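Take a look at the following structure, please.
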Amino acid sequence: MTAPAIELKGISKAFGPVQANKDISISVQPGTIHGIIGENGAGKSTLMSILYGFYKADAGEIFIKGQKTLIPDSQAAIRAGIGMVFQHFKLVENFTVLENIILGAEHGAMLNSSLSNARKELKHLAEEYGLNVDPDEVIENLSVGHQQRVEILKALYRKAEILILDEPTGVLTPAEADQLFRILDRLREEGKTIILITHKLREIMEFTDTVSVMRRGEMTATVKTSETSPEHLAELMVGRKVLLRVDKKPAEPSETVLDIKGLRVVDEAGVERVKGIDLTVRAGEIVGIAGVAGNGQSELLEVLGGFADGTGEITMNGTALPLTGHGADGQARRAAGISHVPEDRQREGLIMEFAAWENTVFGYHHSPEIQNGILMDNNGIYTEAEAKMQRFDVRPPDPKLAAKNFSGGNQQKIVLAREIERNPDLLLIGQPTRGVDIGAIEFIHQQVVNLRDQGKAILLVSVELEEILSLADRVVVMFDGHITGERVASQTNEKELGLLMAGITDTSAVANGNGGNENSTQEVHADG
Amino acid sequence: EPALIFDLGGKFDKSFNEAAFGGATRWAEETGNTFREIELQSEAQREQALRRFAEAGANPIVMTGFAFGNVLSEVAPDYPDTKFAIIDMVVDAPNVRSVVFNEHEGSYLVGMMAAQASKSGTVGFIGGMDIPLIRKFACGYVQGVKAVNPDATVIQNMTGTTPAAWNDPVKGSELTKAQIAQGADVVYAAAGGTGVGVLQTAADEGILSVGVDSNQNHLHSGKVLTSMMKRVDNAVYEAMTAGVDLETGFNVMGVANGGIDYAMDEHNAALVSADMKASVDGAKEKIASGELAVHDYMSDNTCPVE
Amino acid sequence: MDKMPKWADIVLIPLISLFLAAFFSALVILAIGENPIAALKLMVDGALMRSAGWGYTLYYATNFIFTGLAVSVAFHARLFNIGGEGQAMLGGLGVALACLYIDWPHWSLAILGASVGAACFGALWALIPAYLQAKRGSHIVITTIMFNFIAAAILNYVLVELLRPVGAMDPASAKFPEAVHLPTFQDMFSTEGSKLFRGAPANVTFFLALLACLVVWVLIWKTRLGYEIRAFGESETAAKYAGISPVRITVIAMLISGALAGMMSVNTTMGESERLILNSTEGAGFIGIAVALMGRNHPFGVLLAAILFGFLYQGGAELALWTSIPRELIVVIQALVILFTGALDNMVREPLEKLFIAMRRRNA
Amino acid sequence: MDFLTLLQVLDTSVRLATPLLLACLAGLYSERSGVVDIGLEGKMLAAAFFSAAVAFYSGNAWVGLLAGVGASVALAVVHGLASITFRGNQLISGVAINFLAAGMTVLVAQSWFRQGGRTPPLEGDARFNPIELPFAIGPTDAAAADRPLSQLIAEAGPLQQFYSELISGHSSLVYLALLTVPFTWWLLFRTRFGLRLRAVGENPAAVDTAGVSVVWLRYAAVLLCGVLCGVAGAYLSSALQAGFVKDMTAGRGFIALAALIFAKWRPVYALWACLLFGLFQALELRPDIIENVIGLKVQVQLLGALPYILTVVILAGFVGKAIPPKASAEPYIKER
């Protein structure tokens, strides 16, 4: 066996009190694609960033092609032939593609020669790998998929032999993702080594040679892909057997609670994100909205939740809701009986520096029952918070602790406790289990179903198809601001939804199948 | 032990405050005694400085500048055993000596001098803060200029409207350049520390300047025509010499009693011809004898000439 | 888990920063050839060992309480109000107008009226930057700096052209009528036998400042508005989610901040000079930044820090009076305090955090 | 207003715009790298004092300039430590530096010269004296003709007037400041260093992951800023003036900041913005001219406040939006 392309030994890294990587060792053979999976916060990005010299490890050694290599900064990593495409792209938005490519890899002190060199080289790379981008276009005008190409080109321009991709498909349509994997295959054929971080077991099973699983900062296993199964990987990830389906009775929807007609939303940059959609949610049902992130679902929730303006018509229990101005803010929505578990609990749902008890009234701080004359009834809020935290099994059940000091799952429980216990007519719930462990997922799903069974309307947005399929009664798919299809959850599958998510409305080829885990051979070219 | 409080321009403004310092130093050197002093940095310090010195037993306490007027009239009654002397302002209290100067008379003299030295027939005046006191300087100056050359043009500028105008040499310098550009070839600065910039620029640009308060002829030897001397130094010296026996009340210093004069020394000897000196000295005598009355702007807040 | 216990954050770090500032100040005094110990002794004697010294210390402290509270209220909404100086200047105008043009029967009514005038003018001067920040995204730091200059120009114009009595030399308004004279500490605490606080400018406004501390404390930690201000300050996106209008909070927080800054002028203009003068603020608006930073934006901390700065101010004046150390020494000390407690905070914090984490690991 | 008066006003504008321009470009380097600097004022002030003080002792303006630059750079390092190394609040650091300079200059001046916080006046070679360009009418011609310079110029043709009055007769630092504009443009937009500098102000993480040190780039920018502020300060005390007086920068650092926003962080626009603000300052000195031209008395206070008012108007986006570099005022924090 040849020397491994990469070998990490005993890598540890702490961020303050958080131990992100604990004594991690791993080795990757040249010319292979190596997958890394793990829950959110498991330490995957941290590990790769250490390899790329972005973070400094507290302990451990790195060997490249058998040679012990010190990687104190990214310059060293680049010299060692490592390239990385970060989860959040590292591009200068108002520079051109060309300028981004040469940044840090210029030839000489003058720009002119660097630019013309790079232009030639880029043309060459584009031909070789089919990585076409206009070198003179400014990054902010490019689609996410094209921005990712620029990142890959940056690595190739620097002659990377080892390419790290951190969750590259999270922002891509299925078609774009397919194209990406074709490129990765090319690179593997050329003998390059690829490390792929992803949450999608399907991608691991399809494209990788070996796979490592991380959990709570530790490397729990490294296995040959051919010798494992998705169920096994899931178990390795969370540390115990995983229940995939939610236990629930069939829905008994009654009257319409929410009725949306011709809704349009323009974001702050002036881009239209929701392009006229019609949607109803009835009492006693869960409507799930599926779609690749960034196709207008978030904006839809924001308008309903009262923190973005829109145009069109929305009625709630028969009365029209204003879509702009003071009457359309979060306070007005809450008064109208809408509760909202936001997609991003840390940036939206909670004030991280506030204590848990203060967070349990966030958004409802004007409610008369928590006022004491002109002051807030802080003692009452505290007592009630303690009880809420008991009921929702928040750990530790200490209301004085700042929200930032709870784990992701427990933070989510605080938000849920607050929103569900208001007993709303309509619950908006975005990405309810993002970064939440499986035990908490079960609990959260159960709470949502209970609310439905009390006859409440629920609108669920999630990028996890599995979650949509198991929780929702009815599924609506959004693509590019439009609704591309609506299906009954029990009568569709991931494959069909995947096509709808790419904007392809003709799904006859895959409709009514169940499972949807079989490898697809169908080529989809939704984007040019 | 006497005390001396300088106004915001600071002890080394090369003019008003420095003159006061000179008088105090002369007294200290001659008597071998010491005096307390402080340079104010802020308005709120005025009262504090007065009270602290009075409580510490300083007597008399001399202060320079009209801005003390308000504060002194409040503080003086609290310390009836302490004598105060204030320059440039009248404060009516039994233990205060108020010293004011006939600046218009001196300005008249240097105005005559300037008009005679000017080749272009245009002379300039740069004042500090735009207050009646400085207009009094300007008015006297213009009267002097017109007395020699009724057709002469006098360009007048004030540096500003706030105390910062006493200490803005950059602006003084630019104002001088502007006046030079308009043809002025003699400028008179009555602007405290700002005058440093005026005199500097005049010297740089090769025209003549007229100093104020102290004898500023030496600052740019051969380039300062003369200086309007306001003998603040004498006033301070006399107050300190009198000590606790300081005579209180209203005290006017003018050409007649030597409180106001113009400066002649080796630095400007070459610039002032015998004729010029003779005519100015003539006017000086007339003013002293009361034969010539220079209009005082502050008497009615108007000036008969422009 | 927090990186550090709370007491370390709010007591230990400011103390260490203060110590560093004091250390460097001592070096500066040494460098200009004076004795730091003697200087300190002179400052303590002059500022704390006599009742009149306290009278000055508390007079200055009153100013700094108001400006410190002003900075901290804005800072709870994460708005950096550098405009305290300009707001206080215009607050002075409000005081002057209230005192000059209204016939007050008694000082107690006058102080209320003047406070309202000061607060309104100060708030007005904060309103425009606040509105521009909220609606047009103009950076409030830059706009408030600009507004300081514009306020100075306005005050200059008003004093020179409008309020200056005919024939007066200083750019200052007329003296206020006797009826609005505020009781000074001397008036309040002197007895027949002993004259306390003789000549010192401290006056009833100090108690108004204490009241302001209490009100701000209640406002920030006990009311809905305070809750919203703090929530908005911690996270604007979360505030939007909760239906807290960023525009409204930005404007309200700045109005309160401007009003507090403006009220400083009740102390200087009504309590001390008894007429409106140019530059009565004397940089107190900026000192508010240091006071708020040191006081960790808590009214009680602000009170302590304000008294500390009052001491520095009075001590500095004493230094200038009896030694050749210029009063600017205080400006240097103030700069060092801002530098160490504000800008170089992490220099102290990071090693401490590491220390506490290491200690916790060892205990675990 | 006649042509010559116009030239005189413009001449004054150039002189007064020079320190603004130098400080503005200084701020440009710093802010382009993502470090906001409201301490321009303080750095200029420190440089003004130390250059005047050292020029006084050495009798050489260039030695003074070096000292001024040194002082300004020292403060720049403090700002760098606070905002780059310790990732503190850049605004607070700037405020602190302004105070530090305001206090220190007076303290040291008092300790060295005992003249109430000023330096003694500078004479001869201790100052940057005006340069007479070839073919221009200057003081030497005036001396030769034994007539006032203003008369000689008044008699010359318009082109010669333009050349002699406006172009010639400034100190070397004025020409240096003007040359700094194209140099800055070239450095920013034509060199590798400039590309990286601009990038680090937009997205430091991109620079970091491209293998270039964010810390050193930012320090380089902050030091450049220090150097230029140093020159600006030296210009104030030893070219525009002959010596240091307390607070002599008089808000110029803030006007420069305003000009930088007005210029949208571009070097050539910065030139125009500073000339415009210089013109305002020149007009503030000559209210008579405005009165003649527009026939209305304009309050000097209004003229003085005009740059600030204009900046607010621009910031409010009423005259085109000024978008600062994206990462400005954000410390680059990798690990929370």
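Chains: A, B, C and D, in written order; residue numbering restarts at 1 for each.
In this text, a contact is a pair of C-beta atoms (placed from the backbone, for glycine too) under 8 Å apart; a residue touches a chain by one contact, two chains touch by 3 or more.
The chain list, named the UniProt way, goes like this: A = Nucleoside ABC transporter ATP-binding protein; C, D = Nucleoside ABC transporter membrane protein.
Keep in mind it's a predicted model, so treat the numbers as computed, not measured.
S.K.: My parser should flag the chain pair with the most contacts; which pair should that be?
M.R.: C-D
S.K.: Counting only Cα atoms for the centres, state how far chain C is from chain D in Å.
M.R.: One centre to the other, that is 31 Å.
S.K.: At what distance in angstrom does the C-alpha mean of chain D lie from that of chain B?
M.R.: 35
S.K.: When the C-alpha atoms of chain B and chain C are each averaged to a single point, how far apart are the two points in Å?
M.R.: The answer is 38 Å.
S.K.: Averaged over CA atoms, how far is the centre of chain A from the centre of chain C? Could you give it in whole Å?
M.R.: Chain A and chain C have C-alpha centres separated by 46 Å.
S.K.: Give me the residue numbers in chain A that touch at least two other chains, ranges are fine.
M.R.: Those would be 16.
S.K.: Give me the residue numbers in chain D that touch at least two other chains, ranges are fine.
M.R.: 117, 301
S.K.: Pull out every residue in chain B that's touching 2 or more other chains.
M.R.: Counting only residues that touch two or more other chains, chain B contributes 39, 161.
S.K.: Name the touching chain pairs, would you?
M.R.: Listed by label, chains in contact pair as A-C, A-D, B-C, B-D, C-D.
S.K.: If we count contacts the way the header does, which residues on chain C are in touch with chain D in the complex?
M.R.: Touching chain D from chain C are residues 28, 31-33, 80, 82, 128, 132, 136-139, 141-143, 145-147, 149-150, 153-154, 156-157, 160-161, 286, 289, 293, 324-326, 328-336, 338-339, 342-347, 350.
S.K.: Inside the complex, what are the residues of chain D that reach chain B?
M.R.: Per the touch definition, chain D meets chain B at residues 4-5, 8, 11-12, 15-16, 115-118, 121, 129-130, 139, 142-143, 148-151, 236, 240-243, 245-246, 248, 250, 282, 285-286, 300-301.
S.K.: State the interface residues of chain C toward chain A in the complex, per the touch definition above.
M.R.: Contacts found on chain C: 1-3, 218, 222-224, 227-228, 230-231, 234-235, 237-238, 240-245, 353, 357, 360.
S.K.: Inside the complex, what are the residues of chain B that reach chain D?
M.R.: My answer: residues 10-13, 39, 119-120, 157, 160-161, 167-171, 173-175, 177-178, 180-181, 183, 185, 193, 196-197, 200, 204-207, 219.
S.K.: Taking the complex as given, what residues does chain D use to touch chain A?
M.R.: Residues 189-196, 198-199, 202-203, 205-213, 326, 334-336 of chain D touch chain A in their complex.
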